[in-house]
Amino acid sequence: MAEFLSLKEAVSRHINDGDTVAMEGFTHLIPFAAGHEIIRQEKRDLTLIRMTPDLVYDQMIGAGCAKKLIFSWGGNPGVGSLHRLRDAVERGWPNQLEILEHSHAAMACAYEAGAAGLPLAVLRGYIGSDLPKVNDQIKFIECPFTGEKLAAVPSVRPDVSVIHAQRADRKGNVLVEGIIGIQKEAVLAAKRSIVTVEEVVDDLGASVNACVLPSWAITAIAEAPKGAKPSYALGYYDRDNAFYKEWDGIARDRDAFQAWLNENVFENGGA
Amino acid sequence: MAEFLSLKEAVSRHINDGDTVAMEGFTHLIPFAAGHEIIRQEKRDLTLIRMTPDLVYDQMIGAGCAKKLIFSWGGNPGVGSLHRLRDAVERGWPNQLEILEHSHAAMACAYEAGAAGLPLAVLRGYIGSDLPKVNDQIKFIECPFTGEKLAAVPSVRPDVSVIHAQRADRKGNVLVEGIIGIQKEAVLAAKRSIVTVEEVVDDLGASVNACVLPSWAITAIAEAPKGAKPSYALGYYDRDNAFYKEWDGIARDRDAFQAWLNENVFENGGA
Amino acid sequence: MSLEFTSSEMMSVTAARALNNDMTCFVGIGLPSEAANLARLTHAPDVTLIYESGTLQTKPDVLPLSIGDGELCESALTTVSVPEMFRYWLQGGKVSVGFLGTAQIDRYANINTTLIGDYREPKVRLPGGGGAPEIGTNAHEVFITVKHSKRTFVKDVDFITTVGFGRDGKARDNAPNIGRGPTVVITDLCILKPDPDTKELVVTSLHPGVTREQVIDATGWDIRFADQVDTTPEPSAKELDVLRDLKARTNAHHAGQQ
Amino acid sequence: MSLEFTSSEMMSVTAARALNNDMTCFVGIGLPSEAANLARLTHAPDVTLIYESGTLQTKPDVLPLSIGDGELCESALTTVSVPEMFRYWLQGGKVSVGFLGTAQIDRYANINTTLIGDYREPKVRLPGGGGAPEIGTNAHEVFITVKHSKRTFVKDVDFITTVGFGRDGKARDNAPNIGRGPTVVITDLCILKPDPDTKELVVTSLHPGVTREQVIDATGWDIRFADQVDTTPEPSAKELDVLRDLKARTNAHHAGQQ
């Protein structure tokens, strides 16, 4: 059964230096509060997995938490680059960042395979692309029925997955609603999981086929209202698109970034 | 876009003798009305695919529609055997029925792979089972990353899939709710699809992540109220468990079966 | 103050007791379903029951006749698709116990639900594997409940639908990513468990009033008994009450439908 | 009665016109999204728009800034998981048109959104492939819209993120289960299409007022022109109105959020 913990306690207990960590949320429900807690606790040498790194990983990479990034699209959506990510890849600041790069389809399939307990995902993918030349984790197999060549990638099986969701009930069952992305797969594929939620309620109010994660499939739950800001939580608050644009200026400059981090994460964040 | 047709027209136009036909609905929403229409139109030499053949295929097999059955569990749930299926397999009445037998996990994965446009499904399955000895469609592949031996089965890609659903809106979008089984996969895996619905409405009333099939992914829609009876439609009517029990007596005897078929399908059925 | 109970009731109660609150149980229809829900309604209110129709954490008020009755869905935490059920929940390793019935079982706990006789010319055609082949290998362990008879308990099953420990008891040795397999078999006469070394099923407990001879007569191989054979505790009055209520509710429900 | 319009507007309107009501379009963010929604708000009200965030048949009132804005979900017919989107809908062959932008494109319509320079020592690191590599091969055909410049239109892309027709134009020849690939490229200067034989992009239509020299100067290879080069029809007043309204609504919406 999921254990209700403070976010501080959940991160402290379940995320270790050197862990492989997947923090998911496809534009929607990005676990920013958890990312900031990881920064505050100065976790180091993490292998970060995420289809769309987004600002949360830009911040964590800039803060020095990551040694490796596995991803499929690393930008500030609709705005431009992730400057902290680029600074780490191109100039090794604050430390060198190794990258392993996939397509969305391959990563989605790899999470799906991880949730499904399989060692690999098979897809009709990467045809003609140079990505297999720079990612040795992409292989090709032959279909034993048709002879067709199909791409294969190892499944994603993180040490810890972290997601944000709308709400949990008091037994620890969690509802994810709207753009559900890859969250269910991330949690089910991981050895441990932390779910932050907007609120804990008596009744989830879930429809019959809603995306509900049972308590016994989750390690820890932490209440974190507005825990996805500047991303959004359908039914709770909107995406702060203005901040996403503003981030471009903050992240371009190392000093501006560090000032922002101090003010917003180290000094004024946390519970 | 889906075309609204009478059930008679939909079956006549889209199901041909010799076709491979998948009629799905996992206990819930079994397309009985469509099955009866197929019997009335005396379709022949069908390869029938279905995880749980159930009464609908017992009736179709007894009526002589099928030459082959691909399945994973062929019984009257909670009651006993499918006597028409057994009569066809064991004694060739009314004609010999070839069978190809899987496990549920393999068939579920095979439908999933069919919907996903893949030629095969890979699963951790069939270990130690004799089924691979009697089904030459079960092969084993080696994971290129771990060396693990994994089962592989060809994906299911029927000529036609037939499902029953709660409702369609006037544009032909369809809502399936409750035990959704393998219906979405069956429709998406097939070249053509027929969906019967309890009713056509202005607004589906679907929640945000509901199982909705868009009109453009469906070939034909036919209104067929009570079209799943004696199976059930959540929100509309209950499973007629008493009839499932009664069927055991009807189907045990060829004459009783034929009398039932004449009275309930040929004489009194249809639109 | 001995209570009156049937051997079927003894079986159901004993099977129910095998489950506890911490388990996530993938439930087969019939006897396993009866036992699992009895457990939920007595000592294990928080046991998680999963049916292959996609109903996660369901709490039916009456026993389902089929694996996909409406009651299962309406009382479930959520209902997922069948591929998701088999891929994420079963194959994904989230099921601690697979609870199965069977038509035939052999000394190595291999299960046959496919057919009696030869595959191409069956004497009796049974329903087939359903979910069992992968429940048997992907669940962390497997409980089996089945009525004891010579027709059912055979030396070697005609067909291995679902592997127990294989033809030689060694099928799981060194196999990667496979569950422990059958850890207990509960019948209307006794409890059997695999010998830790040979994996052959041995009787570890006799139900009250049952003799060794009865078990020997109802078993199609030279059945062995553990060094110490216990007597299975009798059902309690509460267990019997709950079981009988459940069955009465169930019968009334299914008969009442037209 | 010639209207005033910018080259960007010309590009968006022309790109929008490539779509029709019967298409199911997998929409990339940015220019493709603008064009696709313009099509939906003008001549193709029933065009089906799909975004990789899982939003099926969405009808946003303002343009999304990201691929997963709430607006997309709230106005969609339904929203599915990301694995389902890529597996069932894209790889399953349900997408007729993949509509992509790019940072670099070469004469064989190969697309680079990964990086400029060498992979291990990039001059400029770009966001990466995202959905494009499989959109490019699994969609029945691909439309590309991108601003014309020498930096963007290069003879050979530094990195093939998403295959057009490969380094030699033959990547799709005899490849099983692959879409037709890029069938049209729409820029702010012209329309290009692959030569039916060599698959090299050739200019088939110049936008009003654009000269061949402008296109030649903005292209990093020795660009060819079709035997007959058309003049692209101008935007209509209605198209311009709808486009400007859409952009104004969008700007107000995204700026207004804090």
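For clarity, chains are labelled A, B, C and D in written order, and residue numbers in each chain start from 1.
The rule is simple: contacts are C-beta pairs under 8 Å (C-beta built on N, C-alpha and C of every residue); 3 or more make two chains touch, one makes a residue touch a chain.
None of the values given here were measured: they were computed from a predicted structure.
Q: I need the common contact partners of chain B and chain D, sorted by label.
A: Correct list: A.
Q: Approximately how many whole Å separate the CA-defined centres of chain A and chain D?
A: One centre to the other, that is 28 Å.
Q: Any idea how many Å lie between the Cα centroids of chain A and chain C?
A: Centres of chain A and chain C (C-alpha means) sit 40 Å apart.
Q: Provide the list of chain A residues touching at least two other chains, using ranges where the numbers run on.
A: Answer for chain A, listing residues that touch two or more other chains: 112, 117-118, 123-124, 148, 178, 180, 184-185, 208-211, 234.
Q: Please set out, as single numbers or ranges, the residues of chain C touching at least two other chains.
A: Residues 73-74, 79-80, 87, 91, 138, 177.
Q: Can you work out from the touch definition every pair of chains that touches here?
A: Chain-chain contacts present: A-B, A-C, A-D, B-C, B-D.
Q: In the complex, go through chain D and note every residue touching chain A.
A: Answer in residue numbers: 29-30, 52-55, 64-70, 72-74, 79-83, 85-87, 90-91, 110, 114, 119, 122, 125-134, 136-138, 159-163, 166, 171-172, 175-178, 253-258.
Q: What residues on chain B touch chain C, complex-wise?
A: Touch list, chain B to chain C: 26-28, 51-52, 71-75, 77-79, 81-82, 85-86, 89-90, 101-106, 108-109, 111-112, 123-131, 134, 148, 178-182, 184-185, 211, 232, 234, 238-245.
Q: If we count contacts the way the header does, which residues on chain D are in touch with chain B in the complex?
A: 24, 48, 56-57, 73-74, 77-80, 87-88, 91-94, 138, 177
Q: Which residues of chain B touch chain D once you look at their complex with the stated criterion?
A: Against chain D, chain B makes touches at 112, 115-118, 173, 184-185, 188-189, 206, 208-212, 214, 216-217.
Q: How about chain A: which of its residues touch chain B in the complex?
A: Interface residues on chain A, with respect to chain B: 117-120, 122-124, 137, 139, 141, 143-146, 148, 150, 152, 154, 177-178, 180, 207-211, 234.
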